[in-house]
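Going by the order they are written in, the chains are A, B, C, D and E; count residues from 1 in each one.
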Amino acid sequence: MGFLDIDNVTKSYGAVEVLHRVDIAVEEGEFLVLVGPSGCGKSTLLNMIAGLEGITSGEISIKGRVVNGVHPSKRNIAMVFQSYALYPNMTVGQNMTFGLEMHGVPKAERDKALADVAKLLQIEQLLDRKPGQLSGGQRQRVAMGRALVRDPDVFLFDEPLSNLDAKLRVDMRTEIKKLHQKLGTTIVYVTHDQIEAMTLSTRIAVMNGGYVQQLGTPQQIYDDPENVFVASFMGSPSMNLVKAVAHVTGNGAGVEVTGSDGAPHVLPLPSRPAGLTDGQQVLFGIRPEAVTDGEGADRNAQVLARLVNRIEVIEPGGADTFVTTTLSGKDVIARMRSQTTCRPGEDFELVLNMDKAVLFDPETEQRIR
Amino acid sequence: MAVAEQDTAVRTGRITRTFIYLLLLLFALFYLLPFFVMLSNSLKPLDEITGGNMMSLPREWTIEPWLAAWSTAQIGVEPTGLKPYFLNSILMVVPAVAISTILGALNGYVLTKWRFKGDNLLFGLMLFACFIPFQIVLIPMARMLGLMGLAGSTPGLVLVHVVYGIGFTTLYFRNYYAAFPTELVRAAMIDGAGFFRIFWRILLPVSGPIAVVSVIWQFTNIWNDFLFGASFADLDSMPMTVALNNLVNSSTGVKEYNVHFAGAILAALPTLLVYIVAGRYFVRGLMAGSVKG
Amino acid sequence: EDVEVLHWWTSGGEAAALNVLKEDLQGQGIGWNDMPVAGGGGEAAMTTLRARVTAGNAPTAVQMLGFDIKDWAAEGALGNLDSVAADGSWDEVVPDALQNFSKDADGHWIAAPVNVHSTNWVWISKSALDATGMEAPETWEDLIAVLDAMKENGITPLAHGGQAWQDATIFDAVVLSLGDDFYKASMIDLDPDALGGEKMVEAFQRMETLRGYVDDNFSGRDWNLASAMVIDGSAGMQMMGDWAKGEFLRADQVPGEDFICIRFPGTQGAVTFNSDQFAMFKVDEGQDAQLAMAASVMDPAFQSAFNVVKGSVPARTDVPNDDFDDCGKKGMADLADANSAGRLFGSMAHGHSVPAGVKNAMYDVITAHFNGEFSAEEAAEEMVNAVQSAM
Amino acid sequence: MATDTPDFRTRLQDWIPKLVLSPSLAMVLVFVYGFIAFTVYLSFTDSRMLPSYDWIGLENYSKLWGLRHWHTAIANLGIFAFLYISICTLIGLGLAIFLDQKIRGEGILRPIYLYPMALSFIVTGTAWKWFLDPGIGLEHTMHLWGWESFEFGWIKDRDMAIYTVVIAAVWQTSGFVMAMFLAGLRGIDNEILKAAQIDGASNWNLYRRIVIPLLRPAFLSAFVILAHLAVKSYDLVIALTGGGPGRATELPATFMYSYTFTRNSMGIGAASAVIMLMTIAAIMMPYLYAELKEKK
Amino acid sequence: MGFLDIDNVTKSYGAVEVLHRVDIAVEEGEFLVLVGPSGCGKSTLLNMIAGLEGITSGEISIKGRVVNGVHPSKRNIAMVFQSYALYPNMTVGQNMTFGLEMHGVPKAERDKALADVAKLLQIEQLLDRKPGQLSGGQRQRVAMGRALVRDPDVFLFDEPLSNLDAKLRVDMRTEIKKLHQKLGTTIVYVTHDQIEAMTLSTRIAVMNGGYVQQLGTPQQIYDDPENVFVASFMGSPSMNLVKAVAHVTGNGAGVEVTGSDGAPHVLPLPSRPAGLTDGQQVLFGIRPEAVTDGEGADRNAQVLARLVNRIEVIEPGGADTFVTTTLSGKDVIARMRSQTTCRPGEDFELVLNMDKAVLFDPETEQRIR
């Protein structure tokens, strides 16, 4: 039994079930990220934990106490909202201590808690301003401060960074990560940005259509996706998925793809998945960083496949250059070093790190292991 | 080379602009004319009115009519002027506006932030109530007031105005609060604030613009109401408009038009004041709340 | 004890007149709660009254006209004044035509009449009349001659305000000028033959004739602005009730010198009247004050004092005329004569000949005709229809 | 296992909103819908001066539709409402558009346009009556100023008087409509206007094709407010023309009042009130429906 | 003289000058990105090109014609807005052809242009919908379609992707890039996202405070920043900048930084910048991807410096892992392979690719070359 237990929880609006039997146990100090596309039910689940939405069936318990039907303010949770939800009429200080005030904490104690948290987040000089006078990043910090000051059992974050611009988002991400490492609190965090999910979490629940598709550590999710949805949702640029035909010979195996010249190429696999049969139609998945030029290829890889193919688009990204080519009629993105010598329209030798290859059944979209 | 700068997204030429200014001024004239007629005639002696041109400026200026209208004109058997009724009106308007605005705000709050099954239907019922012609409620309302023991009293009038005002105030606040982020309410709930505390501490402080609209609307309507005032008031609760009507509308007596006009302007002063003082926020409030239809 | 009085006497002279009564009652230790609601010749006050009665909050005394009193009596809402009436022997001093409105169906006194306005007056500018070189008209033909002459002199012969009740006020007089019987049959008994008959057509034709002497600008004009036209000499005459005199007096005009008052030509000796009365409502407490007020209203001194100010004549026929001016004295004498000759008729225009519904139905036809919507024949026909559907 | 068993405080919190709403709801139910029901009932009785409870069926309605004035009133309402609504909208929109051109003095002009809304017609009726009166008002003044042929006597003209009522009504509310449109205009995304300019729209096309269609919600609000004011119009007519000349400016509201209160025909008055209510409902229902559906 | 010339252009609002003497010549077919933080004047400059803002001084010419004072619709430009600015009352088709209609193009021609562009953007099935019925990505596409259909000389984009979520943003980015490659039109594109700037542009103008800080190809901007602002603004995570002291010996040079143990370390530079003097205080800048573990280091680098340092935070990002450590008291982020073995709190050997090192004067913040 975990610190926060989500036990077989279902949510329906009227006749529509928007969450289907969700089952997650969160340990104390864990950083669980719920990630998934818009409308998949992340916020709904988070709101149910917070007590802002009723639970249709199942149980949620915090520290072993079933909290179904308990008022949000009695659950000892704190929440940071996407829009920050700062009270526009109160100063930053008042915003942060409002919750304590509502819980009848005496002024002296409130002030102390406020001072501590303000120091921690380096927002001491902002305490007398109104939210309207703050920048996006500052608001975000205040919203976190408001949660921290309560010292709750569980922190809930609903896309707290999605209103920030790219640069600030990266900085705040690191800050949240540090905070978690420092305070060791239990966090449930919603985002639809998979990079955030990967960098922040200790565990990720990838959701889609009201189902938890996969629950695991970031590395499991990234390297070992259960199905096509998880594979393509996580990672940016996302995993290349191309139609291929399996070749199985004894213990060895490979996949056959069509190059840009229309000729078939067989790419060897490091081992033969048990579920693979010869001639089977598969989806061959490989991440962009596993498709490189010769120089950039991983020196420790067991199996590297080489393939000359036509280059279509080059997008220099500073640190890396993204190269688009075509396999089996589908765009494939390769991530290369910024010094790469390939040019659009030319043929170029690609190196594929087949250790990282994954195969899916095109029908069920499930992984072939 | 520099070109003439304009921040407007829409550009207009010089000729067009001149035309626009002219038109706007022309309309200003149109709106001001009746007021001019009232004002200039209120400053004339009576014979200059009955015998002369009503559109012209006074030949002989006098403030007598104003003094008379305020303190000596005959309203009933006593030559009290409008003065005492002013207070009656204030005593009626202030609570009626306050109560209907607060109820409207609470209703809007419930209807947007604490939604429940059938809330839209309830709102529809309230909204339709705005459109009832007042003449038809006169008799049944009198009966109800009598039964409640409020007939002929200021509280009775306040009740009547509240009843027929909440439809509009609810509409205003509902539309305004609909745009107010629900997340704030949720945050306050998690912070441990209850229904009223959330309203009081979170929503009310930011309701300024729409409160202005609601107050202006209600104040104007209630202050200017005659029908209810005449039907449901006693002498000691009789509002300004009824007194003004008594001043202006005597049937077989002598008509002192200059006093009538002075009284009319006097009676309208509070509403004019409200428009001029709060008018600045009026468009802003409308923008924030009531135009999303 | 207090009385609460609902009335619409709010203009300076009227209110001052009423103040006489108030002070009289205060002398007897009775307080006066004033409840004035002006507008539309008492219409607004009647609406208020209905609301108050419905609310169970009826005033003690209410200024009322004609059939309204009878209607309220029929609702059983009015109190009984028989005791004071007996003490003051009202039966003897109040003209029968008035008593008709002051008593309920069973003959109990329910209201105290304050005044009698007679409505078949014509107010003529002396200078305008002198300019024609004619005498004050005595017959319809005389009247037309004078009006024509005035027209030739370049003034508006007839000052008139186009409001339904003003149109009807003239109509009353015109009908009466066609004979007492005709007036009684058409305006009081509502005899369809009279309403739609030859004479009615003639009455409407006379209205059309008079319409020819009114300026184009008449519609919606207040009656007192019409009076002002006579006062400043831009118009020759006005056909209006005796309250118009107040306007003339206030303009410092002297009866007989600056203006003269005559009965509508052809109605000499007859009077159409309207009478303000105080109807007394059934109240739970304060009956004594109510009765005292009724007694005070009928007190000859009050009747004299009030009517001198108001411009009307006393409802009692035994009040001394010392304080009245020429027109007032003439009015009192006319009233007494008409009463004794049986020529005192309730005014249709002022709600003393038919109930409000019928009155308004007649207004509709008269006004429509006066504004040219109907020919005289059509109007007479409409009259029958309108009256029938309003009954 | 359905386990939503809220604690007391949560359950209370569930009830408070409904409790807060209930007084308003109760008031509306009694004082509006109760009274409407009462009026409907009265319309089937022979009530004259005071309510009576003798059922006479549809007689009042047949009488009502037999009355010439009722037809006049209905026809007048048609003319009045159409002109009033369209002119107010036009002027309000025009002024709002012009005022939105970064006009100097907007701060002064706006209250001037708005103030008529603040005055009761008891007050302004007389001023208007005089102003429109050819003998003393505008026409007279024009004559004094030497424009002898100027004629403006509508208020005295049976066929035209209803238009003077329109003028005064427009005067009173068009400023308010202006404010609503102004608010609507200020709410339009500036980028859309920029896009239209780059697309080459002239000012005329910009307003005709982009801005005015975008003001739809403001149009709708304005229509609802104006429509109900038109149906309720009473003071205006009484103060300005008293329903005259003749009965030429009678409107349903004045008709209803006079039958109920001055002609002692409460039954017919109630019947006309029911017809008015039905008219209002016919106008409002689609609006209410749209309003409530959209927000779902 | 370029295709689009921005010649010494200044913009003032009242007394405040918000753009200072901007000078950019754009060649035909170029993809110029204006990038910079919020409020730096990007939109203002773009609006001046479009004719939506007046020009205070200087000249803008398109195809050699000075357009100062020319009405926006007469400049033959098209613009895509951040909010897309689709006319909500018109269908997609009407939205796209409105501009043509306003220019008096006959219906038949309009329909043809519409069909072509709709096909190109694959929005044929949307033409009859209203903008309100479209998803964010679809709206974006329609906004582009509206610009394309006009076939203008210059396309202007004002942050066209910033309203999209991360995933969609990446996809649309590639799509815009492809479109540019296919059509070869001249584009001026505003963004504050430096990744967008890098991947899309042929040239970048980095702006700050109304000044163009640097104008150059993405690679120039990334590898060869002129000043601290450009260096730290471009790149994510941004370039590490730590205080250091220059050591100059003959032709050789190095920088001395303080490790997490407090001890000084001298890192050798591949060559000696001419402007560098011994003992000079400098800002030593190095990009995260040039700080790695031994395995991940660039095999072609001339000079690799090694340094054992304490690891603070680990952020696994899927493809890479970001590692935070401290040099000279400042956080330094290293980008490592996802298989890296380092752990928070431990000492670890970092390898710095000193070929990529850049030095700045801490006072002037200008590059030391």
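Worth pointing out:
Rule of thumb we're sticking to: a residue touches a chain if its C-beta (ideal position, glycine included) is under 8 Å from a C-beta of that chain, and two chains touch if they have at least 3 such contacts.
Just so we're on the same page, UniProt names per chain: A, E = Sn-glycerol-3-phosphate ABC transporter ATP-binding protein UgpC; B, D = ABC transporter permease subunit.
These numbers were taken from a predicted model, which means no experiment stands behind them.
Touch-path distance (fewest steps) from subunit B to subunit D is 1.
Shared contact partners of subunit B and subunit E, listed by label, are A, D. Computed from the mean C-alpha positions, the centre of subunit A lies at a distance of 92 Å from the centre of subunit C.
Per-chain CA centroids place subunit A at a distance of 55 Å from subunit B. Averaging C-alpha coordinates per chain places the centre of subunit A 25 Å away from that of subunit E. As a whole-number value, the distance joining the C-alpha centres of subunit B and subunit C reads 39 Å.
Listed for subunit D are residues 9, 13, 50-51, 194, 197, 261, each touching two or more other chains.
Annotation for subunit E: residues 52 touch two or more other chains. Of all residues in subunit C, those touching 2 or more other chains are 40, 47, 50, 54, listed in ascending order. By the touch criterion given at the top, residues 38, 162, 165-167, 170, 173-174, 177-178, 181, 192-195, 198-200, 218-219, 222-223, 233-238, 287-289, 295, 298-300, 313, 315-320, 322, 324, 335, 337-339, 344 of subunit E touch subunit A in their complex. On subunit C, the positions that touch subunit B within their shared complex are 4, 8-16, 18-19, 22, 32-42, 44, 47-48, 50-52, 54-57, 117, 222, 224-225, 228, 232, 241, 243, 246-247, 250-251.
Note for the complex: subunit B touches subunit C at residues 47, 50-51, 73-79, 138-139, 141-143, 145-147, 151-152, 230-232, 234-235, 238, 242, 245-256. Considering their complex, residues 181, 183-184, 186-193, 197, 201-202, 205-206 of subunit B touch subunit A. Subunit D meets subunit C in the complex at residues 48-51, 63, 66-69, 129, 133-135, 153, 155-156, 158, 161, 241-242, 244-248, 258, 261-265.
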